[in-house]
Amino acid sequence: MKFAIQVNEGPYTHEASDTAYLFTRAALEKGHEIFRVFFYHDGVNNGTNLTTPPQDDRNVTNRWSELAAKHNLDLVVCVAAAQRRGIVDEGEMKRNGKSAQNIADGFRISGLGQLIEAGIQADRLVVFGD
Amino acid sequence: MSEEMMEEGGTIKKFLYVNRKAPYGTVYALESLEVVLIGAAFEQDVSLVFMDDGVFQITKGQDTAGVEMKNFSPTYRALEMYDVEKLFVEKESLDARGLTEDDLLVPVEVMTSEQIRDLMEDQDVILSF
Amino acid sequence: MLHIINKSPFERNSLESCLRTASKGSTLLFIEDGVYAALEGSAKADTLRQAMQDYTVCVLEPDLAARGIAAKAMDGIKRVDYAGFVDLVAESERVQSWL
Amino acid sequence: MLHIINKSPFERNSLESCLRTASKGSTLLFIEDGVYAALEGSAKADTLRQAMQDYTVCVLEPDLAARGIAAKAMDGIKRVDYAGFVDLVAESERVQSWL
Amino acid sequence: MSEEMMEEGGTIKKFLYVNRKAPYGTVYALESLEVVLIGAAFEQDVSLVFMDDGVFQITKGQDTAGVEMKNFSPTYRALEMYDVEKLFVEKESLDARGLTEDDLLVPVEVMTSEQIRDLMEDQDVILSF
Amino acid sequence: MKFAIQVNEGPYTHEASDTAYLFTRAALEKGHEIFRVFFYHDGVNNGTNLTTPPQDDRNVTNRWSELAAKHNLDLVVCVAAAQRRGIVDEGEMKRNGKSAQNIADGFRISGLGQLIEAGIQADRLVVFGD
């Protein structure tokens, strides 16, 4: 079956990203397809490569990046939400005259249409948030 | 998914946006509205439900000058132009807050919890904010 | 003592918890989504009316106006702006935010 | 239909709102802080016991264990792991998260 | 501030940490504990109150292997070593959750709401999480 | 009177940072002193210089930076919270081997002790959060 996942909260502050990750991993292990993981609201903060969590804690962003690399996942960060919160790729950096980019491996910035498309294309859309 | 239809080569699904949070205290109401506006271009079968504190999103007379935020409530009036016309409000939520249909800034259909229940069961995709 | 409540009483338990532990004579200030507690005719109006017997009840006017309920707030609630908020904090020996 | 509840019933109104609008025969899944609804002997236990007559009630076991209440959950609640969570979603024609 | 004292050239204030949120669902409990640990070095007069869902922070038997998070509950047992020894729990919050003192992993003093009320009025600084 | 301010939530998602800002500005206008503004939890996300909010909306980070410049405010971002969420200054960038820094003008990264010190030194500490 084809799943789409929406993540509405950033790393660590809420459990949403953890649950979404563990759900996604379990779905892949069961042979399901993940059409897309869409990061919205503070969820875009999962896509920064600038975190340094404590050594004895999970690394939320790296975990997503690694799962994406292994299963060729489409991790999409909403551009409008990302602009409000400061998640930037090379294109956004140039377009908005920012001094740096901080998008993590395996994530890409795109529009809200990607969420609607995921809702249309997937058999199930599951929302994780606060 | 029995509700799906193929039309002009595309799938049409029933999308329900469930709005349960008050505006301004958090950004969910505003960013949910942004999804609805973008989503309108996809020509799906869209409904919005306002329940719990979500009914405050469409309360008349919002004036955000003092909090220095953008008043986005007029945008709900523009939904019609995007062919988003199915707006439902839960009666029980209005009652608990001392509000009536007259307090709302857009035409809506007021529904009981039971009717909302049936509406939810008639959807393909439920986006909750 | 000043108790600041920023959550809707319809969604969360902060108002109840505050009322359980606030001393008589304290001041309650409703801000952000907390201002919905001031709504006349709501299911929480009786709770607040009762509270007004033991506490000074204030509401942050800009948050009330933003939400379109400035005309619907109960009588007897003192309305303050940000400067008035600052005064309340300055006048109170201690402050508790019910996050 | 699958209803996912991730908020503590002691802090927020999501459980009440879900019970008001969930059709008989639906499945309720408690995850994250929502799992506290499963506590035997709590002020919300009767609400949940009642709900178990109309709905299939499930709880995400890893969240229950994290919170130290695995031994305190009410009888009659089905415990699932993440794989079971995936199955519940796959089996349900539609999913509503009560955020 | 009548409670302030000068001692060895420094001010000693009464700090109260009010913990009202459950662990793991949000990070507030963990990051509040980090404040308490750092704050201990300042040798202030520190008290902790656990009320509402905050009582779950110190519930016995937490096992976070399945959620792949760090179980930080043992740290509450270490507070004693930092001379943080005044831990109070609201009885009404325990009762509503079907818990008793036996369910808690650290020695605490169980207080009624009225006693918590007096405790709060006796503080200089209240940090709420 | 001497105030200290604690901000627990990031920009836009919660009103906390807005209320804290408007409170701080009003306190300064009334002649009070702001000993420190301490950003904790997701509040550290107020300190990124990578946001590009919509033109017709307030710029939460710039507003803090400008208020700090005008009144010589001490805006402190908690280092532990910042590491979990990816707010980085030059020192942190080098120490943790990060590819960029993103700390906004007028903000500095420091330890939790700065919060305790603020509680001790200020006449009032006011906490804004979720």
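For clarity, chains are labelled A, B, C, D, E and F in written order, and residue numbers in each chain start from 1.
Here is the rule we use: a residue touches a chain if its C-beta (ideal position, glycine included) is under 8 Å from a C-beta of that chain, and two chains touch if they have at least 3 such contacts.
Predicted model only: the values in this text are computed from it and were never measured.
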{"item": "Shared interface partners, meaning chains that touch subunit A and subunit C", "value": "B, D, E, F"}
{"item": "Remotest chain, subunit D as reference, centres from CA atoms", "value": "F"}
{"item": "Subunit B-subunit D separation of Cα centroids, rounded to whole Å", "value": "26"}
{"item": "Per-residue multi-chain contacts in subunit B, two or more chains", "value": "1, 24-28, 52, 67, 69, 125-126, 128-129"}
{"item": "Subunit F residues counted as touching two or more neighbouring chains", "value": "12-13, 15, 22, 41, 54, 80, 84, 125, 127, 129"}
{"item": "Shared interface positions of subunit D, touching two or more other chains", "value": "6, 10-11, 13, 32-33, 62-63, 81, 95, 97, 99"}
{"item": "Every chain pair meeting the contact rule", "value": "A-B, A-D, A-E, A-F, B-C, B-D, B-F, C-D, C-E, C-F, D-E, E-F"}
{"item": "For the subunit F and subunit A complex, residues of the former touching the latter", "value": "10-13, 41-42, 45, 48-54, 61, 80, 83-88, 92, 96, 98-102"}
{"item": "Residue ranges of subunit A in contact with subunit D within the complex", "value": "1, 3, 8, 15-16, 19, 22-23, 25-27, 29-30, 32, 124-130"}
{"item": "Subunit F - residues contacting subunit E, complex", "value": "6, 40-41, 80-81, 84, 111-113, 115-117, 119-121, 123, 125, 127, 129"}
{"item": "For the subunit B and subunit F complex, residues of the former touching the latter", "value": "24-27, 67-70"}
{"item": "Residues of subunit B that touch subunit D when the two form their complex", "value": "1, 18, 20, 28, 51-52, 90, 92, 113, 116-118, 120-121, 123-126, 128-129"}
